[in-house]
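First chain A sits with chain B, and in the next complex the same chain sits with chain C.
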Partner chain A sequence: MCGIIGFIDRTKSKMDGSSIKAALSLMNERGSGDGAGYAAYGIYPEYADYYALHVFFDNLGEPKKKVDELLQQMGEIVHQEEIPTTPQPGIKKVHIPWRYFFKPSEDLMAGRMASENDVVTYIVMEVNANVKGATIFSSGKNMGVFKASGWPEDVANFYRIEDYKGYIWLGHNRYPTNTPGWWGGAHPFNLLNWSVVHNGEITSYGTNQRYVEGYGYNCSLFTDTEVVAYLFDLLGRQHGLSHEMVVKALAPPFWDEIDRMPAKEAELNKAVRLTYGPALMNGPFAIVVGTENGIVGFTDRIKLRPLVVGENGNRLYISSEEAAIRVYDPEVKTIYTPRAGEPIIGRFIE
Partner chain B sequence: MKMVRIDARGMHYTPLNQKIRAAVADGAEEIVLDNILGQRFIGDGLRGNVRIIINGVPGGDLGMFMSGPTCIVHGNAEHAPGNTMDRGMLVIHGSAGDAVAHSMRGGKVFVKNNIGYRGGIHMKQYEVEARPILVVGGTAHSFLGEYMAGGLVLVFGIGKDKAMTDRGIGSGIHGGEIIIRGEVDDYLLGIGAKKFKFTESDLERIAPIIKSFCEQFGYDATDFLNTNYTKIGPASSRPFASKYVWE
Partner chain C sequence: MTLGSVPPKFKVDIDRYQCMDCGRCIENCSYGVYRREGNKILIESRKCTGCLRCVSMCPRDAIMLTEKPVDYRSHPLWTREAREDIIKQARSGKIILSGMGNARDLPVVYDHLLLDACQVTNPSIDPLREPMELRTYIGKKPSKLKFKKTESGDVELETKLAPNLKLNTPIMIGHMSFGAISLNAQLSMAKAVTELGTYMGTGEGGLHEALYPYQDHMIVQVASGRFGVNIDYLERGAAIEIKIGQGAKPGIGGHLPGEKVSEEVSKTRMIPVGSDAISPAPHHDIYSIEDLVQLIRSLKEATEWKKPVFVKIAAVHNVAPIAAGIARSSADAVVIDGFRGGTGAAPKVFRDNVGIPIEVAIASVDQKLREQGVRNEISIIASGGIRNSADLAKSIALGADAVNIGTAALVALGCRVCGNCYRNLCPWGIATQRPDLVSRLDPERGAVQVSNLIKGWTYELSELMGAAGINSIESLRGNRDRLRGYMLDEGMLKILDVLPAGA
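Here is the complex of A and B:
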């Protein structure tokens, strides 16, 4: 059991982190104090062209030296600092959260690393697999993940979440069941501009992991949710699928449902299932994904985890519980529960 | 009549339930809870005949193990209202989340609008004296009456072309009955579920429940008495016998 919540303002009007903290804290019963986190989009406008790399360092000695060296070799660091934190009684600061604003060098972009996104993906995989004492947990542009072991309020206060203003917010309250509670195991899980909050288990993790590792991703964070971020990057960015199609691949309709579809629709769904069989996610899950152009919410195909949607004009909310949405926005107009596997998508208005 | 009013704004469920229990012990016959938002476990394990009016959206497991009281919710409910409820009644003037009436043992749960997935899952029954009833005004998502062992689930589909459009109805059902207004497509039936003829005597049997539901929500009962229903029950009392035993 975990608590998740996602928010988007489609006009990119920004909201500070105090509301999501209150909303997520309402679902404290869904967590165990072993992990909580937030993702906010639109928070670094002054560095919008640079990748904001958030890193957990065990210490600022050897691990940081290695990361500094790698980044300098791969591009330019325009600014770096410790992420501001305020000590909380409920949080033991076992890592030092650090941020770099980084631009990859164009000289590197060739072959399998044809774009700056490819270079940054390579850096994240390299550091997380091979640099002891360093974990890059956020690597998007103009966005950032803030997470730690603790309760939602404590983690929010630790990172002074009220100081950030974003047009997309994700929040997660963790109840670890199968894997350890540690800072890197808290959600959201992020790669580039993809951030994932997840309630449930990916029981197909092994199959999905083998599939993404064939494309150069490396699952090194000891938790199933990590693979969902890489699946979105592979299908959504590298293969160029729409958000709707990614959800169709990860949580597809059953074969008997496909058999009842009109011929053309059936053909498409069959093709997606056959092409992306190893990407299909089994097990109970409710997920919200933050992306470059909006948020995407969906559940497993037989809806073993709750998901509620709320709307108020340009604002869309997706959460485990209706009450959390009502805390976030007491004026929320429409509340409904989506069907299993149905993508709920909030995009920016151009 | 002794009435108690509690403002629950920002209150955690533990002190809230303590206040409710104290009020009941003090002889309250009606308790009004204002500004409810997400408090779980309201009325859990509560006995007696108290009437609880809930203004807002209560959290999960409303009325769990409850035996006797009536809860009227002016708002939606979250997951599993009526979980393992024993006696009494929940009346929800809105919609409810997944697993409504989960493992319910007796009493009534009336939901005005829709319910989520797995409504009536594991509902059970003992003879005639402990027979749980779930009535849904709108529609229900998949796996309605999953693994149902007893009791009655009734779906009206008010305002819908078809009362049920989601799959897996009565999946694994081995007791009890699911009655749905209008026709139900065969492919919506779950494994182990089977359609039975809905007879005059069935209608006679459920008429008091229909009337009681309509009374709660201000509907005209004649609309629901002069219409056809589909009755779904277990194809066998051991739908998965062949999965676990070899004979």
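Here is the complex of A and C:
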């Protein structure tokens, strides 16, 4: 099942986490209390130029020592601390959530690691695959993911989500079948500035995984959603495709529709399907992705999972349920349901 | 004659009570098992190949066939086959010829791979009610696309696509030449692939005039003998395949016994009537990968870069790096033929001992191409022992773009896999050039049968995909996550990169 929600204020005016907590909790019958999480953009303005690395440590001994060493070797840690939490009766603190504000060293940028983003991607893959007892679950700039096992309100209270103010919020209420209980398995899944909340199951996971692994990504989190973040990073960042084009690759029109298009448009869509066939995502899904420029929501090509859109001026909401949007913003003006595969994109106004 | 005769392979009996003495068995058996003496039909069981033509034509089901009526003293090492091969060679001093594919009783990897289906957490998709996409493009694909914005703000594609073949179903028919098989057999298949929107190969035997109407669905072959190759031939094909090797006999060239070189075959191949057509083992202009690259470019240049060029290789031990080398050339597809691939004629020792199974070849080639970042540069076409839609689905899940079928298409035309293709006596009119036998195969009806087979597999593939929650073939390709190995050893699971059943 799972319940998802995404929010953007196009003018970058910020909202604290209390509304999304209420909206997500409303969808509790879509979850099972085994996982919930939030992503918020715009929350670290004082460290906006640094990568905010959120890490789950099993303990602060050996795993932390290894991550510290790796980060010091790859760049500079300007600040680090335990992420503030408040104990909750419904949450067993199995990991210690930690955050680093980090800048990769320019000396490393050569060959396969040509940019800061490449270095950070390498660090995330390296730690998640090879450092036992440490998982980097958030690695963007001026944004962060907060997630754990538990109900949405407990997770929100645990991380004191009301204390953060963001212009993009994503939330996820999990009914896990794959890896219940593991904090790393809760959503949102993140890499760099890409964060993904996902309701569904990706039947093409094996194909997608083999595809991204050919480009140096390492699927190590035991959940299919992980691959969506890597697909967005590969197509959106490395290949430079627009968000619309990424969605076209992941949930393309059917051949029947392409055959009916005008020649030029058909050629473009055919090229996308031929080139990005291994990126096509199959199976039931509704997804909202947070990016540095906005949010993108879309469903699978036959819309086997629900997705509803709400608008109120410069605010855009995308969720599994209309009721959740109405709790988020009782003043919401327009509500509609997008067609299968149709991208819903919310961008900042320049 | 110190060796004497070996026991007959089959014992043929006629139930004389049932028999109505119509004589159809005599007419139909091209191997001369039956003859009439007076008012009696006499039987010479020793000549029987087990082709079952007589059994299927007998109106009274009066013919009984027993395999190995007399057997040797059993011995686990010195099998009947081992002993008979020795006797044959002691007599002849020659290489033993055989037909069809590998006849050894080795485990079939396909049979140890299981497919997945959806339950609860994701819905299966019903192909009767929802779109199901099997359309497959064979050819080079760019690894990424570039777009540009026009002045009016529209997004336009900047990347130029290489020519690709469009298949409505990921099943093609492999290369079986006119010569190895009859014109009617080729016509049957050509009509079927044209109707279905897929392709077949000409084999190394040129393109007979009668096939020109179907040329847009035919892939012309350039093999080491270069039989039938000229510019007209190249220009007629939808694509060109360079055949380096084939699964039934890796490392050696084609064999067409002179018996099968009729007037028409001789014209189409451009060789004398009745001469054996023995293609050289290597191409005499390909002694290394760079020579292959030159040939590919020459063929493309000759056809103005309009046609995809495929390279067919036998699945040998080193198949993955070889395929990676081919992917770096301007070739558009690599055809990998596994060690169970069929043939009209091959030395038995090759057919039964050289090469590796197609399943592992697909897995290792796909993996190697990905490691080297060239998987998009080339399509993978798998062949060699694909028997049904499950083998097809598993091949694609392992990483193939499409499959070639050969034997299966012949069986759809009547072939009973008797394995005597090299004798020009095929009583089904398939692997023969004798006009009276060829006329037994009606191309119109043959086309319906081949097309029915491919349609049936296509429906089954749709159902299998739908059950797995997949509505587009791209999402099955290389999706080894949806396969499990059953009773496969650890080494094999690792090569196939699939989990064991239960995991």
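Basically, the second predicted complex is superposed on the first by the 346 of 350 C-alpha atoms of A that agree within 3 Å, B and C clash if a C-alpha of one lies under 4 Å from a C-alpha of the other, contacts with A are read in each partner's own complex, and residues count from 1 in each chain.
Convention: a residue touches a chain if its C-beta (ideal position, glycine included) is under 8 Å from a C-beta of that chain, and two chains touch if they have at least 3 such contacts.
This is a predicted model, so every value here is computed, not measured.
Asks: Classify the contacts of A:82 with the two partner chains as first (chain B alone), second (chain C alone), both, or neither.
Replies: neither
Asks: After superposition on the shared chain, which partner residues are touched by A:204: those of chain B (first), chain C (second), both, or neither?
Replies: Second partner only.
Asks: If you count the residues of chain A that each partner touches, which comes out higher, chain B or chain C?
Replies: Looking at chain B versus chain C, the one contacting more residues of chain A is C.
Asks: Does chain B (first) or chain C (second) touch A:337, or do both, or does neither?
Replies: It touches chain B, and chain C stays clear.
Asks: May I ask you to decide whether A:214 touches chain B, chain C, both, or neither, giving the answer as first, second, both or neither?
Replies: A:214 contacts chain C only, not chain B.
Asks: With the two complexes superposed on chain A, say which partner A:162 touches: chain B (first), chain C (second), both, or neither.
Replies: So A:162 meets neither chain B nor chain C here.
Asks: For A:106, is the partner it touches chain B (first), chain C (second), both, or none of the two (neither)?
Replies: Touch status of A:106: no partner.
Asks: For A:268, using the defined touch cut-off, is the partner it touches chain B, chain C, both, or neither? Pick first, second, both or neither.
Replies: second
Asks: So, does A:242 touch the first partner chain B, the second partner chain C, both, or neither?
Replies: second
Asks: Between chain B (first) and chain C (second), which, if any, makes contact with A:69: first, second, both or neither?
Replies: In the superposed model, A:69 contacts neither chain B nor chain C.
Asks: Following superposition on chain A, which residues of chain A contact chain B and also contact chain C?
Replies: Residues 256, 302, which sit in both footprints.
Asks: How about chain A: which of its residues touch chain C in the complex?
Replies: So the residues of chain A in touch with chain C come to 177, 200-201, 203-207, 209-211, 213-215, 239, 241-242, 245, 254-256, 264, 267-268, 270-278, 280-284, 301-302, 304.
Asks: Which of the residues in chain A come into contact with chain B in the complex?
Replies: Of all residues in chain A, those touching chain B are 26-27, 29, 256-257, 260, 302-303, 306, 308, 321-324, 326-327, 335, 337, 339-340.
Asks: Residue numbers of chain C touching chain A in their complex, please.
Replies: 118, 121-123, 125, 130-131, 133, 135, 137, 141-145, 147, 155-157, 159, 161, 164, 370-371, 373, 375-376, 397, 468-472, 474-482
Asks: For the complex, give me every residue of chain B touching chain A.
Replies: 37-38, 40, 57, 59-60, 76, 78-79, 95, 97-98, 114, 116-117, 141-143, 166-168, 187
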